[in-house]
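The following pair of complexes shares a single chain, chain A, combined with chain B in the former and chain C in the latter.
This part shows the complex of A and B:
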């Protein structure tokens, strides 16, 4: 039947019209990608030790593609040490955290057909944080923290959806959000219980970690977040068009030939993995997964083929910008989780005001 | 491939044990035909459609769907404001690999399908900005591009104005007669079923139902039993062919018209 349609003379006109999406639709994510690279290099210049943009770029190029060291390298040992040991791990950690949160929030909102959803709203952040503090209480190694954070995130997500299912709400109702709030509150109570049980040596590090901080970034932490975020993110990217279909609702998606429940759980597992790895290395950084998808939707529209990469890159830019702000302007190290909440709340209020009468998906 | 596109045997569903919405329903839908499901609110029309689509496991009986199906829900709403082209493109879900994205050919097929329904100029428009009738046509275009053989529609003419009701009914007929699609739809309008359906099933509640050729099943007696109101079958001629339509008999209006209207002085 499609062949018969394709034989229609109107097809030439159709080709012209479809060209726009394929040729220009990717301009914004591509520009944002370039923006993130520039922001990473610019972020390397921020700090007590002065460094030019060009010098930072030269050092990063050398670290990315290590060749034979020139006889007279254009950088000092101090400069390459500052970049390699101190600034680059932190900048990469921040970038990956923002990237993961942007992608996770967008995937959750699309899958649940609810633009009010984010990793911290459905309880996955609280669950992952519970797993993380539990691992810290038991003095687990860093890999153990990621593992338990992932289990906690998945458990919280399962509880949220289980509760919603019990009330026959499926995935398309405010009940899911309410269930997430209940589950999040429950895990926050468990976190308080663990803090109560922690000894004097463990408690300060737990509290600071829970606030969401990138202090103490190193290559090992970068690897811990990079593998789940880039791996899980790549898989979500391949499924991004399927998010469009899931966002139509279960009955419609099923009638289009999709295995809705399998796909939903696969996406939930990937989101949990990404959020858990972020929480494990830098604590709870809230609001990014809720706010960034809205901003990305304003830029490229709701089609997840463009939205998912845009939200990931925008999330990276957002968190990187906040971290640069704390390092460049603030004398003291303010946890970035505090800043994202301080900025995220008014942004959501603004979006709520702006979308009045139009619905959330139609910025 | 058999001549029957959809069949169900001893089909029944109960949301609570013992409380059957419908029970022991049997019907066969011939390939390329139009089949109408009628019944009052709450009789289980949507439940039956869900059972046919596999979205709900029936309590009893079995459903056989011989061919790809596409569903056109009632009053299609989307949370996110996709463009019309994006909406139609989603019909290619079966053709696009799980980890793949739609190709240029898929987009061209979607555009061609929109052209077919005469709404290609809406391709870049937000779906939610279209009228109810235009949205129905977009969902028809999506069904066509999915290469579906069976089209299942839940009250396709509800909330449409008269012109759009006729446009949608005309397209249902075209898709069945010209493209060979099997169309199964629910409706609250017996005259719509009489106008386009080959066969009909009246859901009379519990295990009672009437099924067969639409012209036989949609009788004045059956419709009185179904809705508890009187409808009259009126014959009319169009292009040399005899047709029938249904008009409601309004008890108060009938009494009022018996008294002559005096001109105001």
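This part shows the complex of A and C:
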């Protein structure tokens, strides 16, 4: 019997793939990291003002390197203005949004052991968006928008899990997703109510913001997303071994000595913080947190030690690519949230059909 | 072996640190453009001092600066190096300025056909403008504060002319009102009816004209044009004699400074009393004698069953007012013509039909361009107003016919 299984070419191929992933899987995040940095520099070359890759790299290197800028720089004032004020803030904002969404989606899916989960599915995006529009209605400063968006995201998340717990479903159930859909719908209704209450000056900016856009990126917005995303993302990275245990199921995790409840709430808080900061600066960019973890899983398998960084970097590449596409090919400021939804839906359908649960098998 | 694996597990830190370092680089002081070697200095509408590089490399129209407005106030198409996005080009194509200056509309180099041609982001707009490298940018929507902070020559045509006055510079709004007698009803208007100082169109037309003339280095061109404008307004007041009018039709008109309506011998129904809301019932309560539409055709409006009870509909006194949104959205040339058009509709017994001739003369004197009869029809919406009472006086050959009638 065992010999028959071993002789099966599909199983043999899967074993080879697993062995390859174990040996070289660490290189994929590294390659993706290099890819993200190259993509950041390449994105700096897209725009009306002509800019070569070498010149963009030179300017960024000098800007990022600690110490004063050279007295006689090899660039013009126009070139550094274009990079430092216009393109770099936007490119960083896009990269950080993608990074945060990729990591958040993967952490949520791992924690809930459910591939259909994403920040927008469990209601955290809607909750954060509600907090954001409420802050805009009350004319809060940008920090207030992030704060309320975070509170909204946490509240939505708590509602979702509270509702799932009420139905005695725990986290390993379709009930959690249903609860997320209900909570999300409720917060969307609240957003509509706020839009109704907003005045003529507030409404257009609210609507455009909710579509998910990176227009108007500046250093302040980058700081607003960079600190929670890089900080929260780093903390999630340190929890990726525990995420592996958590994805085995609550009972197994508990038997291995983990405080499941504390860990789960810690992950939820970090995910809420990251998603809230993303929503606060660029509106709701849906589907990234759902699609990217699937793609990452196909690349490096379900081990969160590799999956989490891979998903983050892949998310950054995905959103950066879409933003570059809108700017360079479509030549218009189409909200990225619209494009991620347009692309995300067929990609998820394709992945579901193609993978048929691979990577999520209980084996 | 374990150490080797441990090192691999920390590789995720590399992109995190790189991105963090690049993000921190944004905290560096902003770059600053040096002053040009040779320049002349002008002060814009907001009291900001702008250094315009010499030799003059041209004007670029930044966010929300309408090419038609620039052309009308400066009459200098040759100084333009950048006129705007495709949407701005589309707007100009519908405007009478495209008849007068077709070279601006047809020159692809003046329009953004490159990357971000459809962008609405002011940041992408700045980048586009940097690529065109003009001596000065005009930003009527208020150029981003950022542009000024980096020392770029952004000329704001809006802002606060009072600030200029405090700087000891000439008053941009002088001659506003053109000597029109004060509106006796003004003290009875509901609170908030008159929007700040925007009572007469001159409130924004004259500063715009004066600033544009300063910008192109010919401030002396503004006053004769302002005087010609005021003369037409004053002539109309003399001919109409509004103070002696016994009947003033109650009218509904939107999109015009409030002072235009009493100047034309009419009463704005909105000024009579405060009715909250902006629904259809409001118009039924106000029930004006005449309605001036900004878009759509009077015939369609009159066919709508909701409006059948209105006096204006029953008497066919619904009009498509000229000069709004298309053909002539700007004003220095056209506002006096619009004023006459309104006055002739309201008081045909006091005024000779002269709108077509006045429009033709204004365009000829301002731009040396002769409008064709078809173009005048388009500006005055003659076709749309064909069924409206009194609008026949704006049709071609009307004057001849009436003279024949009177001779009979």
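Just so we're on the same page, the second predicted complex is superposed on the first by the 324 of 363 C-alpha atoms of A that agree within 3 Å, B and C clash if a C-alpha of one lies under 4 Å from a C-alpha of the other, contacts with A are read in each partner's own complex, and residues count from 1 in each chain.
Operating definition for what follows: a residue touches a chain if its C-beta (ideal position, glycine included) is under 8 Å from a C-beta of that chain, and two chains touch if they have at least 3 such contacts.
Note that this is a predicted model, so its numbers are computed, not measured.
Within the superposed three-chain model, A:167 lies out of touch with both chain B and chain C [touch as defined at top]. Once the two complexes are overlaid on the shared chain, A:52 sits clear of chain B and of chain C alike. In the superposition on chain A, A:345 makes contact with neither chain B nor chain C. Contacts of A:223 after superposition: chain C is touched, whereas chain B is not reached.
By the touch criterion defined above, A:305 reaches both chain B and chain C. Within the superposed three-chain model, A:239 lies in touch with chain B and out of touch with chain C [touch as defined at top]. Shared contact residues of chain A, touching chain B in one structure and chain C in the other: 305.
On the chain C side of its complex with chain A, the touching residues are 8-9, 11-16, 18-28, 30-34, 112, 114-124, 126-128, 130-131, 146, 150.
Per the touch definition, chain A reaches chain B in the complex via residues 1-2, 5-6, 8, 10-11, 13-15, 17-18, 20-22, 110, 113-115, 172, 238-242, 244-245, 247-258, 297, 301-303, 305, 359-362.
Here chain B touches chain A in the complex through residues 50, 53-55, 68-71, 73, 78-83, 85-86, 90-91, 93-94, 96, 98-102, 104, 107-116, 120, 123-124, 126, 128, 144-147, 152, 179, going by the rule given at the top. Contact residues on chain A toward chain C in their complex (touch as defined above): 26, 29-30, 32-33, 36-37, 40, 46-50, 60, 63-64, 69, 77-78, 80-82, 84-90, 92, 95-96, 99, 215-219, 222-223, 226, 230, 233-234, 237, 305, 308-309, 312-313, 327-328, 331-333.
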